[in-house]
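Shared chain: subunit A. Partners: subunit B in the first complex, subunit C in the second.
Then we have the complex of A and B:
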């Protein structure tokens, strides 16, 4: 019997649009990485230890709209953010290289461009859960806990912009760093280790250099410090730094661009020998 | 090239080349491939996989170009092309049904259609409840079937199978070839890349032979194998008999003690020539060329 004609027929329908396919891609990949028990565990730890106390604190109107409070939330999160990035994002491209499933993606009508944009969107959404979302929750709780007047909102609208900008900068940087290292190293364990190494080693090197020559510029070697400096600028806090606060921002942008290029190179330029 | 109309051309290459340093993996390959089931034959390293990967956009040509015939519908030509890769490429943490359905959606199928067709194609390859299991527990044969399903779920017009029987036991190999043959019978164009000649003879109507990155033959299997030849042994002046047969317009070669007469000679032609050249026929039988004979002759391995 011809099994083919018996059970499988032609399909003459209209192919779905690129946007629909990208939505499928993002939804599928995002749900699979967030379903991981490790991702959920880290997410719960971050919310339990860092976000929830601040939500309760935000019910006090004085703390709720304090720029220092938001700044310290982002600063305290650094290590957890990198832990989360290592657990959630390290395999984002590396796993596709490791099991060679990248070949399946790139030989479908869904394009390389779609693959790259989709991967960045997945990381952005996943990382937003611990950067932009906690900020928004705390801000909304603070608003609700105040007298909900238009005047309060108007007075603190800049804080909403600052928090969203801080969350976006941090998230985009994390996306580029994670995706770049994942594509470069091709192994989720190495990528996870590299993310931690980048964060911790840059801090150690920065401290050593500063203790040697006492130049505050050396602080910029630390990525955590760079992000903190950007935070002081966005939240309008007085900087104790002896250098232009635009420099750390430029460093973060430069690293992000290099990492984005690595992803582009590995997906677009480099040939797949699999 | 097999006979046919220009409208039957599914893809054409012009001077397609790919080199890695000094090594030409594919060298100046120009061919217009017609619909049908095509066996892409060649020894390991002949350039078959590189050729397919260039057509699938995985490898960038260093020279030349290729053109796929117009495919219906929106999207790129890849929406109407399927590819079953040679190597293991399946994500281990997905189920067969999950992966095939997901690949269908990325190939442009609406969600519900993709799931429906996924079950149809998994039925077709004979995958039962195991379709709901994670791929990491699958045997090589099951993985090959999943790879075939993901290449077929979106109803492509053209499908490339790159060494689909690799790593399969004889039973699994036969099953895989039966599946591919059934697919070819539906009118889809299939390109079966392999170094196993019997696979091509079993499945394909046309054959392309590559060696050292060059296309050295593209013709129908029937033309390639040609008409049956005669193997003859004679007592007497063998050279005189051979000359006489050649004068009658037949091609003559020798193979061990046998004289191989090509060109559709009948046994009566042989006896006529034997009488004329005064030799005695001691043995006569039909001698069919196999694809292996032709392959070895073309790639320089014999004859």
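Then we have the complex of A and C:
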């Protein structure tokens, strides 16, 4: 039975910094998420159907710096974004609960706060691939196509800010919604279905309510519409809405905060079923 | 130095009482937590590792409060009772990742992972963890708990479901660890597992501590009873007659083709003999499970004293 060739010996090395440990955690999780064939498939579909045509179109400077073009890109992406979120992010916390790997993190010198920050960072980076990154690619292509003129850049700098702001709002909202539902439901399939349901049902309910009483405020029930309204504001487009365009933004912020609280509650307060 | 100080510790899961006014002190060396299922052992371990927070009472582990305390976590190693491993990973990749999470530098990770794998007898094993046997999974769980040079190692039911050979191997590993100065807390519902390892033992039942003290004193009480255990084997008849012929059991009941129930007054000798039966006689033994009724009768006896 001499199978144990080594005796226990204490490790004498130095611990790496918390930043490096967090980077290991994020990199590992992110790469395992993005290596999934379904994630890659959805990513390829989004880029092939929505991003690539716009990259080619952006070679025409008139379209390349058209706020309407960027606005429509973000608007058309809604359904795909939720599909991507369902595929990529639904297990972000649910899987850790289900296979109890959260215990490994919490007993390896990670605080609960560190765990939550790490998970949000993973989602933010994963979602940025279909929100912020496509915008940046299209903007850079448009810039290159316009002979890299400083005057053009100066004239359209606001558009860069608007696109980054739109991408960031959308990404943060998706992160909070996905993480919140994942923690709440504790199952990646339910979370994926719930993400779709939230997106589609809110649109259906909004349409029904609007058709009943004709009040445009009912549009705000639709999350997709809320994001679109924020888009019209950021890209300085005229929106004919019968309500203040700050309201949808407030709705999105409120939902994000509720979802962030749910994550906090499940990680800090609720018994971890370990 | 006191490793654990618990004062009036209580923990409720809704209306279910996990731990009830538990007060205990755990010192250096190997300490066993023994109790039947539902005694509160796992709840206590979850509290010690900071996975959950107590409802009432005070708890200090290595002088610090454990809940949400990453600094303390990095001084401890925890081997959970469930198999929360990354099944698609290979052992070296898994330990490398765990070592990185523990804060080891890139260069040290490989060396340390290999060392810990060798220590538990898994060096050179290169296949996904999902294909591992129960005993191999137990060993890799212990390996991941050792990566960070823990001052305190907490093992939750490490012997559950392992065969006698692996059991003997795990005894050896844990004993060697204790010799290097690591404090170990180990839970089991099998008193005789603890007897061979621990110097001190806490007997728990219904979320309370019944008794604590030197293992010899506790075993003296227990030895007044006979013990039953279920053995799963591929050769029940041969094993049964072998045990009987060697005078190791008082009674053998072959319950099915793969399962036999034995009663013994010499559990120590029986535990010693089983690995030999596997290695020398070539009898396959899948699992060894003490019948909880025995433990319950021990607790009843302790309660009456």
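Everything below uses one rule, namely that the second predicted complex is superposed on the first by the 266 of 274 C-alpha atoms of A that agree within 3 Å, B and C clash if a C-alpha of one lies under 4 Å from a C-alpha of the other, contacts with A are read in each partner's own complex, and residues count from 1 in each chain.
One rule holds for everything that comes next: contacts are C-beta pairs under 8 Å (C-beta built on N, C-alpha and C of every residue); 3 or more make two chains touch, one makes a residue touch a chain.
Because the structure is a prediction, the values reported are computed rather than measured.
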Do subunit B and subunit C fit side by side on subunit A in the superposed arrangement, or is it a clash?
clash
Please indicate which partner A:257 is in contact with in the superposed arrangement: first for subunit B, second for subunit C, both, or neither.
neither
Just to be sure I read the superposition right, which of the two partners does A:48 touch: subunit B = first, subunit C = second, or both, or neither?
neither
Under the stated touch criterion, which partner chain does A:95 make contact with: subunit B (first), subunit C (second), both, or neither?
first
Touched partner set for A:153, first subunit B, second subunit C, both or neither
neither
Doubly contacted residues of subunit A, that is, touched by subunit B and again by subunit C
3-11, 13-16, 21, 24-25, 28, 99-101, 103-111, 271-272, 274
Can you check the complex and tell me which residues of subunit C touch subunit A?
13, 46, 49-52, 68-71, 73-74, 76, 78, 80, 82, 84, 86, 97-98, 100-105, 108, 112, 115, 118-121, 123, 144, 146-149, 165, 168-169, 172-173, 176-177, 180, 182, 279
Subunit C-touching residues of subunit A, taken from the complex the two chains share:
1, 3-16, 20-21, 24-25, 28, 99-101, 103-112, 114, 268, 271-272, 274
Taking the complex as given, what residues does subunit A use to touch subunit B?
2-11, 13-18, 21, 24-25, 28, 32, 95-96, 99-101, 103-111, 271-272, 274
Contact residues on subunit B for subunit A in the complex?
53, 56-60, 73-76, 78-79, 81, 83, 85, 87-93, 102-103, 105-111, 113, 117, 120-121, 123-124, 126, 150, 152, 154-155, 179, 182-183, 185-186
